[in-house]
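Structures follow.
Here subunit A shows up in two complexes: once beside subunit B, once beside subunit C.
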Partner chain A sequence: MTQNGTTRTATIRVQRFNPDVDAKPTLREYQVQVSPDTTVLDALETIKATQDGSLTYRRSCRHAICGSCAMNVNGKNTLVCNKPLREVLDRKGRATIRPLPYLPIIKDLVVDRSQFWEQYLRVKPWLIPPADVPEAEFRMTPAEVAALRDAEKCIMCGACYSSCQVVALRQAYVGPHALLKMYLRVLDPRDSAPEERLVEIGGDDGVYRCHTIFNCIDACPKELNPTAAIETLRKLAQKRAAFARERAERQQTLAMPAPVAPGAEMPADIEG
Partner chain B sequence: MTLTTSEPEIVHDILIVGAGLAGTWAALAASQAGVTNIGVLSKLHPLRSHSGAAQGGIAAALNNVRPVAGTGPRGPLEARPETDDPIDSWELHMFDTIKGSDWLGDQDAIEIMVKEAPEIIYEYEHMGCVFSRVPDGRIAQRRFGGHSAPRASFSADYTGHVLLHTIHEQALRHGVQFYPEWYCLDLIVEDNVCRGLVAMEILSGRLVTMRAKAVLFGTGGYGRAWRITSNATANTGDGVAIAYRAGIPLMDMEFVQFHPTGLYKKGILMSEACRGEGGYLVNGLGERFMEKYAPDKMELAPRDLVSRSEQTEIEEGRGIGDDREGIYLDMTHLGAEKIMKRLPQVRELALNFAGVDIIEGPAPIQPTAHYSMGGIPADADGQVIADAEGTPVLGLFAAGECACISVHGANRLGTNSLLDASLFGRRAGKAMAVFVKNGAPLQPVRGKPAEQSAARLAGFMADAPGEPESVAAIADALKDTMQRNAGVFRTAERLQRALTDIKALQERFARARIQDRSRRFNTDLLAAIETEHLLSFSEVIVVSGLARTESRGAHFRTDFPKRDDDQWLRHTLAHTNGADGPRLSYKPVTIFWDRYPPQERKY
Partner chain C sequence: MYTSTGFISFLFRRISGVALVLYLFTHMWVIGSVNAGPEAFDARLALVQTPFFKVLEIALLAAVVYHAVDGIRLLVVHHFDVTEYRKSLFYAMFAVFVLLTIAGGLPILLFALEG
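Coming up: the complex of A and B.
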């Protein structure tokens, strides 16, 4: 690694593979200039624009919200758009970028997420609202909203799925992303089908398949906790009939003003 | 290599291009109205669409929140007791939007939008959106620039993300068929009738003619024509360029909003909250320069005014950074505690993208191309129109940022974009369903359009005479000239320079070749097509801006610094005209003279 003021040269090793022509994946090396604000994605964009137009990867938003650019950098799944390059360079100024593991490779860093999306579809990710819908909003309490906050942040990037050893061994497992989505639905007071959902994910390839290895937590670029969500779903699955009764009862009052606790505050982020 | 074309073609009742809020709402609404055979193409996976990047909120006069009595309009917010008088109304929302638009917005369309706004928020809520709430369970609302009441429903600072996932899930529930990572190459329009399109399956490189009774474009904005932009890399204005090539005029393309706080050199948006929480804008001399431009509102002045103030400092040599094109956004005086509590995402953004901790030092920022007000002319049902007389292009619809309806006129208010995309997407979906159910036929397609498209793409891989040009280098040069000459400040001289540059780049582009010659997932080819699009509509932006000798909203001409209603209270329509470049015509603005006559736009 050479130093020159604030910029220096880094060596980026990228796994290349086009299944139409290559027998197996190979690593190719590129040199790029790095400044303190260079991200891993910036390095890929520079290589593609100035050295090798055939380098293939997905990206779009550039700030960790669209979920396109999950890859494996130095053995760890991450989004590359908000990952500073300086954080992943070793002492010799090198970093290695590979596609998300365990998934079929389409080309270079682009993986086939079909199975990931099939599992997402399989759990019916959509809300199933009550038959009677009020003219205005359902009255969810701030506490009910807070319980869903983390699960709704999931950007479906696949970093957790592709780090999950259970997925690697058993493709029928629905996976951490789909179970986190189920947590979002099951715990939503507006959802009318918690019992059916808990039956579905209480089966062979659902919540009990998770071995609590915690890889998904380490991999998640949004710092979410699918394992904890799976734990909660396990508990609910064991008392699903009672939970469904509670839900039906809650929905009786869902269109009415929620009781306001004394000293209840406005949401903290209302000014932001 | 040659790209393969495949027959038979794919046929749907309705085809939608773009799977953001506008496209997906259109699909859902048409499906709910009974159309079962709907296809939605997106060059990304639908959940990667740029609608998901919107942070702040979605506007509607719900009246759930008000400032505490006696604390003034910026006072602390409380839930409005349901029995108290409302403080907000669609009329107020309408006035704010018209004023924000600098009176270029069409008031009939704005009226539809603000009246239907509450309904669409409630629909989102019923479909599963997790909005923030006030204690009694109503949807919470925050303030936003240019809105005279707290009107923005929100989910923390990822509102667009939550809306996008919710609507996508519901479209899946209704059996809408998605074509993820399919790229629309050409629109087939003959005799003012849309017959379908040509698309490429990105995975295989296969080109297919797709026919439909109705086609909707919801393809998003065109901010990637500037070097500094908050837009996703996907926002290359594909839809507007494709429509333009098919003979559809483009409307008000000169109007592009520059947000004042994009990260220096990256353009990524730093939330409006940085200024809301009390951040200072400081120039290279350490001066808090907003004193000169807006002594009362200071940093809280409207977006376009702050962007122009920053740009003045930069152009007069008082910028920061190695090219002096930056400004400091200083939040250090807020202290670590407030920053950690109120601006954690902003801090993370600055750390990751600029290597700066805003607790310890100022963040470098600059104005960033943010929102495209112009686009494909359409009415409030999404029906695309071919001219100033309103002649419809039969079977073609548009909604969202690629469309110009025009509800934002010369400048959009924050939180009105999610509303526009959702609401007019839904209206267009309903209108297409009526169109189809009223017996619209599948129109015949002449010739072999997929083969024509394939021949055009083959040009990027053919042997070039002499040294081939680099697509990326041409795109860079275009973004540079747009940044310097068609940005926050424009003059006849600058725009002329941009036009000369664009013409030269278009010529160079004829010799551009790509390196990736494979069929499979060829992103090098996509970049070439996208760059062709940038070169095409950038010319329209510059020509339209050159003709408009006034300053209105986001279009600021330093050589014509005043708004000129006598001459320019009208929409620009740019028609494709072969090698001669765009031919301009004009269309009157719909104004309710008795209710909202033009006034000075003063904050």
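Coming up: the complex of A and C.
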């Protein structure tokens, strides 16, 4: 890496593969200028704009919220749009970018995510409300919201799914992304189908297939914890009938004002 | 290949598990010869009293210790909310595995060297 003031030259090795021409993927090197605020995606954009227009990758929002640009940088899955390039350069100023592992490559850094979405739909990721939906809103307690462990922050980027060796060994496995979403729905007191959900993921390719490798936690760019969600679902799957009874009882009180936790009172000016 | 401490522990757990199943068949082959009388048993036991098998015995000990200690680590993960400490748990488990293997393997090695 050569240095000139705050700008340096870095070597970016990008995995290239065109299924119409190439027999197997190869690494190709590109030199790019790096300033302190250059992201990995900036480097790819520079390569595409100035050196090789055929380089293919997905990106959209550039704000780490759309989940399009998940890739494998130096062996670890991450979102490239908010990953500073300097963080991933080694001492010689090199970084290697590959597509998400264990998924079929369409071209260069673009992978086929069909299997990822199929497994996601398998768990019915939408909320199934009770038959008698209240006219006003459902009232959840702060503790019930906190128990969801920020699972709703998942941006479906696929970083966890394609880091999971169980997925690599068995494509029928539902995957950490779908199980995290399942956790969100099962723990949500507004959902009325926890038993059916726990039956679905209590089978052969559900929660018990996870080997607790933890790659999903390490790979998640939103710092979510699919493994902890899977552990909770395992415990609930063993007592799903009792859990479903508790849920039915809880839903009787969902339309009522939720008990307010100490210190969590709403300010008088915004109370309804 | 996506490598991590979790993957290494998973890989070793799998390998040690398969090795222990294979050992079980060898063990039954040796012990089962007792049905044919004491001479047959002694003859078969003598086949596995070579330096090569002594080294394999240490490998067997390593497989048993690894599989057991890693199993305990997984039980801790399943029953307590400790995913935050996943790497520390792996390193602690590995240290216990190395210590127990040395503590158990050294006497086997010394015994083998004494002949």
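The rule is short, and it goes like this: the second predicted complex is superposed on the first by the 259 of 272 C-alpha atoms of A that agree within 3 Å, B and C clash if a C-alpha of one lies under 4 Å from a C-alpha of the other, contacts with A are read in each partner's own complex, and residues count from 1 in each chain.
Keep in mind that, in the parts below, contacts are C-beta pairs under 8 Å (C-beta built on N, C-alpha and C of every residue); 3 or more make two chains touch, one makes a residue touch a chain.
Note that the structure is predicted; figures quoted are calculated from it, not measured.
With subunit A as the common reference for superposition, the partners subunit B and subunit C occupy compatible, non-clashing space.
After overlaying the two complexes on the shared chain, residue contacts for A:Met140 are found with subunit B alone; subunit C is out of touch. Of the two partner chains, neither subunit B nor subunit C is touched by A:Gln251. Once the two complexes are laid over each other on the shared chain, residue contacts for A:Ala228 go to subunit C alone; subunit B is not touched. Legend: residue contacts after superposition of the two complexes on their common chain; A:Gln119 is shown touching neither subunit B nor subunit C. When the two complexes are overlaid on their common chain A, residue A:Thr78 makes contact with neither subunit B nor subunit C.
Angle at subunit A between subunit B and subunit C, computed from CA centres in the superposed arrangement: 170 degrees, to the nearest 10.
Ranking subunit B and subunit C by residues of subunit A touched puts B first.
Taking every C-alpha atom of subunit B against every C-alpha atom of subunit C, the smallest gap after superposition is 20 Å. On subunit A, the surface touched by subunit B in one complex and the surface touched by subunit C in the other have no residue in common. The part of subunit C that touches subunit A in the complex is made up of residues 1-7, 9-10, 74, 77-78, 81, 83, 86.
Of all the residues in subunit B, the ones that touch subunit A in their complex are 44-45, 47-50, 52-53, 65, 77-79, 82, 118, 121-122, 125-128, 130-143, 150, 154-158, 161-162, 165-166, 169-170, 172-173, 203, 232-234, 265-266, 268-269, 271, 273, 276-277, 341-343, 349, 352-355, 470-473, 476, 514-516, 518-524, 527.
Residue ranges on subunit A touching subunit C, taken from their complex, read 72, 75, 77, 101-102, 162-163, 165, 168, 211-215, 217-218, 225, 227-228, 231, 234. Interface residues of subunit A facing subunit B in the complex, by the touch rule stated above, are 18-21, 36-37, 39, 48-50, 52-54, 56-63, 65-68, 82-84, 86, 106-107, 110, 113, 117, 121, 124-127, 129, 133, 135-142, 145, 148-149, 152-153, 155-156, 184-185, 188, 190-191, 257-258, 260-261, 264-272.
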